[in-house]
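You will see chain A twice below: alongside chain B first, and alongside chain C after that.
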Partner chain A sequence: MQKHLTLEQKDARLGVKLVLPALSIILLLILYPVGYNIYLSFFDVTMTGQSTYIALENYTSVLSDPTFWKSVATTFTYVIFSTFGTTLFGLIVAMVMNKKFPLRWLVRSIILLPYVAPVISVVFAWQFFFDPVNGIFMHFMVDVLGIYDQRFNLIGSPSYAIWVAIIFSIWKSFPFTYLMLLSRLQTIDKNLYEAAEIDGCGPVRKFFSITLPELYFVMGSIVLLRFIWNFNKFEDIYLLTDNVKVLSIYTYFKAFTGNMDLGQGSALVVIQFGLLIGLILLYVKKVLKW
Partner chain B sequence: MVIHKNIFKSIGFFLLVMFIVLFSLFPFLQMLSTSLKHSWDWGNPSLIPAQVNTSAYKELLNIGQDEKDLPESVRILLEETPDLTEAQKESIIAKFKDSGDIFPFMKYFRNSLAFATTAAFISLIIAIFGAYSISRMKYRGQKLIQRGVLFVYMVGGILLLIPLYKISVAIGLAGTEQGTVVSLLIIYMVQTLPVSLYMLGNTFRSIPFSIEEAAFVEGYTRIQTIWKIIIPLSLGALATVFVYSFMIAWNEYLFASVFLKSFKDLFTLPIALKALFVSKNAIWDRIMAASMLTAIPVVILFMLVQKYLAGNMSSGGVKE
Partner chain C sequence: MKRLSRIMTVVLITMLLVPFAVFAQGDTEMVTEETTGPVAFEFWSTETQSDRQATIQVLIDTYEALNPDVSIKLIPVDENDMAAQLQTASSAGTLPAMIEIGAENAVAFGVDGLMNVDATQALIDRVGADSFYEGAMKLVESEDGEPYALPYHGWVQGIWYRSDWFEEAGLEAPDTWENIQKAAEYFYKPAENQYGILVGTKPENYAEQCFTPFAMSNGARLFDSDGNLIFNSPEMKEAVEFYAELAKYNPPGPQTWRARDYYLQGKMAMFFYSTYIMDDLSLAEVAAGSLTAENFSDLAGKDFDPELVDHTKMQPLITNTETAGYGVVVTMGLINQPDEAKTQAAADFLRYLYTPNAYITFLHMAPGGMNPVIKGIASNARYQNDPKGIFKHYGPEKMAEISEGMNDIVSFSIVDGKKINAATEVTTQQIIPQMLYKITQEGMDVDAAMAWAEKEMKALLD
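Coming up: the complex of A and B.
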């Protein structure tokens, strides 16, 4: 018995050893920085010299800045519409790809491309598409359809740019949503549909009474993940346009350009993270009913 | 009546599929088309170039550029001095080319390749042992680690950027080229490690334990079973995780832009492209050609592991 136990203990020790490199990297570079960040947010941080403790001053100056509140509003608009749009479009695509049609295998791999391609390499194509001089979008809107009188820089204007960013985000992330939903769709029991058909249910009724309830929890988790990712989104927006100042971008500018205020930047990050956790908890309780 | 309804339905369905395909593919077609157009053709809404122009690709890939960029006097010097060795010739050419206005695409390409390959490889090795440990072995805290890994989903890049930058400045890593390379590699590893652990953990759990047990009876140690049984049985998943990590590092912009700011020689493709776009106007063909060349390696790699990756994504093991 004694020997058996030591063997198990030995094994456990080896297990810890094997996971230690991975674990220590994660703890050291994710957990510690999060803590350090909270610490920094109470200081006036300079890159070279000493940092001085200034209590809540970073927070008060951030919260009293109207640009901050504007970027909170922008963030919410972006997150809500892009999450909703991605989920809806992903659902439509998943339902289409669940039906058999010729060349489906090819279509299925083509539509993963937006998700795979580097952001940096696709943003320029989008910018070109909306370019006032050369872009096809303005060509159609002005020359073909006559919706606008003259060509203008759509991505350059803040009120339009956010919608371009939202459509871009839907384009970039719908493949992920579609894949997750498709794999769940494929596991739905076919008998349910047959039974519904015998009861005289049409396709609409079948969708709302069978498909949607079956997808509820997968969709709930996808929406949660998408919400988290879009809330923290930086590259997809920053590289596409200079005019959509969501929180991440606002923080980036505050901390890494001009006089590089890392203290206020840290405070912004803490606020953003706190907001995110609060919203997640609310969502998990209300929607996922955990 | 029924037949008519079916025809309309099929046409509608067909149009829907077409729309989805076009929506997904259009930006790529746009990219390819513009990269092959002459500047006088850019405003033409047709995607087919009026006249195919490959000069942007040639310039980026440095095909047939050697002679063109050299000043006349240097070219004569090279041709009329037969006792120069090849190495000397090359160094002369390199010297004059660097002072030219060309965008050193190949250099940035190599930087990106080096960063992405190294980060993906180290991350894979660490993840193999970590994932084996959390999926196959029992000890206190094992479940906690397994779930805690998912916590990382919530921590976006921007949340880590400030503290990590401050730390690497404080310990002196951000001041030197080597230090910057090391910090960036570690950061890329951290971003890919949680997903790698999760994906590999799922794969390892699906390998029947009886195979391993048989190996133990034969006298294999844990480490030996990992090398001789677990790794050979999950090559597909390993390739997938490698490609996945590679893609994350290859595409990364945020950290690279802050850490590499003052090291132009270390620029990766994303920051170099962004800088190129900001610095010069009206070079759409070069921008698009560079975009194509940046996307192609990732797309090819993805196609190779697509089957595994799609499966893994739908089982939840994926991060952006």
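Coming up: the complex of A and C.
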């Protein structure tokens, strides 16, 4: 039989064989947990591991819970503002870093620090910074500058906490966006700008007619990635503040605290997964035009 | 050529099979080990601090030296993570044989069938059922009187306050609702970055620990002795309103026990805390390691006050229409896991931990914080001679008073001497802390918040 195979077919078979071990490990580590999670979402799971099949009850009780919808709204606020902020800030910094100035190499490296620093250490720094009694922020605002007449708890307050979490996310992740955009900016043909100048274009026109279209697909991909990452974000928000209940944190509280409900937790994760996949497909079709 | 390749094939196959042979040998060894060899089990402790881990490890090492067949693996688990970790271990079939856990959680796990009641009862009989303080024992029992875990140590909570500030201001000790409110209001000077009191307002256990004595001292209960929910009562509403009023004199925003640092820095007049703080008050390093750093030399209260311990007094009981105190019993629990040998080994080790020397060594990890639940230990001379000199500082009488307080701990889950398991579930769910958070931080109306809490409790009980 094998004698009838062409060289290309043989290559293809070898390729499949070589990829197979890695592929099976990926399937085992990703597909199995996902499948098991979907399975669990149809059961009432107890601490002793005994599960009772309850069909769609987990889903109906999750969807009829107003706190779930509140957490969906919180998630979208967090994801939209942090993704937009990260992209915009990253773009501005990339444009500035694309200009020549002394010690640019040093500034370029320093900008990466928030992205590479471990989450836990920067979170503690932020908490210390914003501590209402001992924090330097309140010290400056109240005692030095006198902007506020009373100290308040910026990270702890239920109404401000989400904005602190969004600003934290922008600050922590903009270097990645900046890095990606800068590398694309450096490859844009200088002739385009020269031609535009000859045609009498100002900097604004050049930005909208050359820079932005050139960056479009890179930016589109970065926004997509940031959207996915922030949609599933847990550790940054959970460590920084405990009253921003985005979906992942809401799920954690549902599944692992108080009257632990792993079944409902699993249902929540499946819903979150469905939401994310739907939004990604829409985005890929409309924005990235794949 | 053909022959050479055949030889090569044989050699290759042999080489490939060698590791299997080695593993197979290992297998038979493991089988024999399992039948006659040592027993190994995991002990999950909520004492996560490294110095406490070291002390427990010393006890384990001593026990292992005496019993070479037993091997114990100590694993620190944060109290708040215990339920999640047990859940994971239960699914994975890797449950520990023994855990250290608060009495409320022990009961909650026990109701879920996670605790080994028979082994626990047998061990209590070995230690001697009469040796335990009855008040502590009551907290770990089921409604039918079956023990879910063994009481091991406990702490008593009280209001710690700046006695020098109180004296100067001519205020009375914070022992009644009125005196507490008066002092909290008097010392609340936010413009000077000084606060009146610390009560828990984050949706965490600490809030319920602070709230319980207020509710109890006003005659408010969660359940009556027949187990009917009587949460939404005028007495409870008064207590909630009073608590919300006190929270106005808190440091800004939602707060939990960590804000005790502000007291150590001289920025707060009163705070609710367990006797664990005795240790912290006496040790300068703790204050140095707390929030204020030398980088902020111009901040007020940066220096640790070595006189603080002398200027601090504790008020364990609160009085309004009744008098109430609060405390928590920490237990050692034997887990309901399939391997009998492990349970037996864990029970033997636990029996050893109850022998006076091992017991006192354990309690001395946090003198004052960890109080004995076994009769006769409080007056033991070795117990009173703690390595940090805390007993010397507070005097053996005060310490005995605290230890005996273990016998009078009040809890929502004991009504007229009867155990109400549902109250434990309400505590585990953190419904009351969430309600207090809604009122004090989200500005929810007291009636609405209480109605919400009642609805949650009813849903839980159904």
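Simple rule for what comes next: the second predicted complex is superposed on the first by the 261 of 290 C-alpha atoms of A that agree within 3 Å, B and C clash if a C-alpha of one lies under 4 Å from a C-alpha of the other, contacts with A are read in each partner's own complex, and residues count from 1 in each chain.
One rule holds in what follows: a contact is a pair of C-beta atoms (placed from the backbone, for glycine too) under 8 Å apart; a residue touches a chain by one contact, two chains touch by 3 or more.
Just so it is clear, the structure is predicted and the values come from calculations on it, not from any experiment.
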{"item": "Which of chain B and chain C A:V107 touches, first, second, both or neither", "value": "first"}
{"item": "Touching partner for A:L179 - first (chain B), second (chain C), both, neither", "value": "first"}
{"item": "Chain B versus chain C as contact partner of A:T46, first or second or both or neither", "value": "second"}
{"item": "Which of chain B and chain C A:F256 touches, first, second, both or neither", "value": "both"}
{"item": "Touching partner for A:G220 - first (chain B), second (chain C), both, neither", "value": "neither"}
{"item": "Greater residue coverage of chain A in the superposed arrangement, chain B or chain C", "value": "B"}
{"item": "First (chain B), second (chain C), both or neither touched by A:G15", "value": "first"}
{"item": "First, second, both or neither for A:H139, with chain B first and chain C second", "value": "both"}
{"item": "First, second, both or neither for A:F128, with chain B first and chain C second", "value": "both"}
{"item": "Touching both chain B and chain C, residues of chain A", "value": "47, 128, 133-134, 136, 139, 256, 262"}
{"item": "In the complex with chain A, residue positions of chain C that touch it", "value": "80, 83-84, 86-87, 90-91, 109, 112-114, 190-191, 193, 195, 202-203, 251-255, 259, 261-262, 265, 267, 291-292, 296, 299, 336, 425, 428-430, 441-442, 460"}
{"item": "Sites on chain A touched by chain C in the complex", "value": "46-49, 128, 131-134, 136, 139, 149-158, 242-243, 256-260, 262"}
{"item": "Touching residues on chain B, where the partner in the complex is chain A", "value": "13-14, 16-17, 20-21, 23-28, 30-31, 34, 42-43, 45, 126-127, 129-130, 132-134, 137-140, 142, 145, 149, 152-167, 169, 186-187, 189-190, 193-194, 197, 222, 247, 250-251, 253-254, 258, 269-270, 273-274, 277, 284, 287-288, 290-292, 294-295, 298-299, 302-303, 306, 310, 313-316, 318, 320"}
{"item": "Contacting residues of chain A [partner chain B, same complex]", "value": "8, 11-19, 21-23, 25-26, 29-30, 32-34, 36-37, 40, 45, 47, 92-93, 96, 99, 101, 107, 109-114, 116-122, 124-126, 128-129, 133-134, 136, 139-140, 171, 173, 175-176, 179-180, 182-183, 221, 225, 228-229, 231-235, 238-239, 248, 251-252, 255-256, 262, 265-266, 269, 272-273, 276-277, 280"}
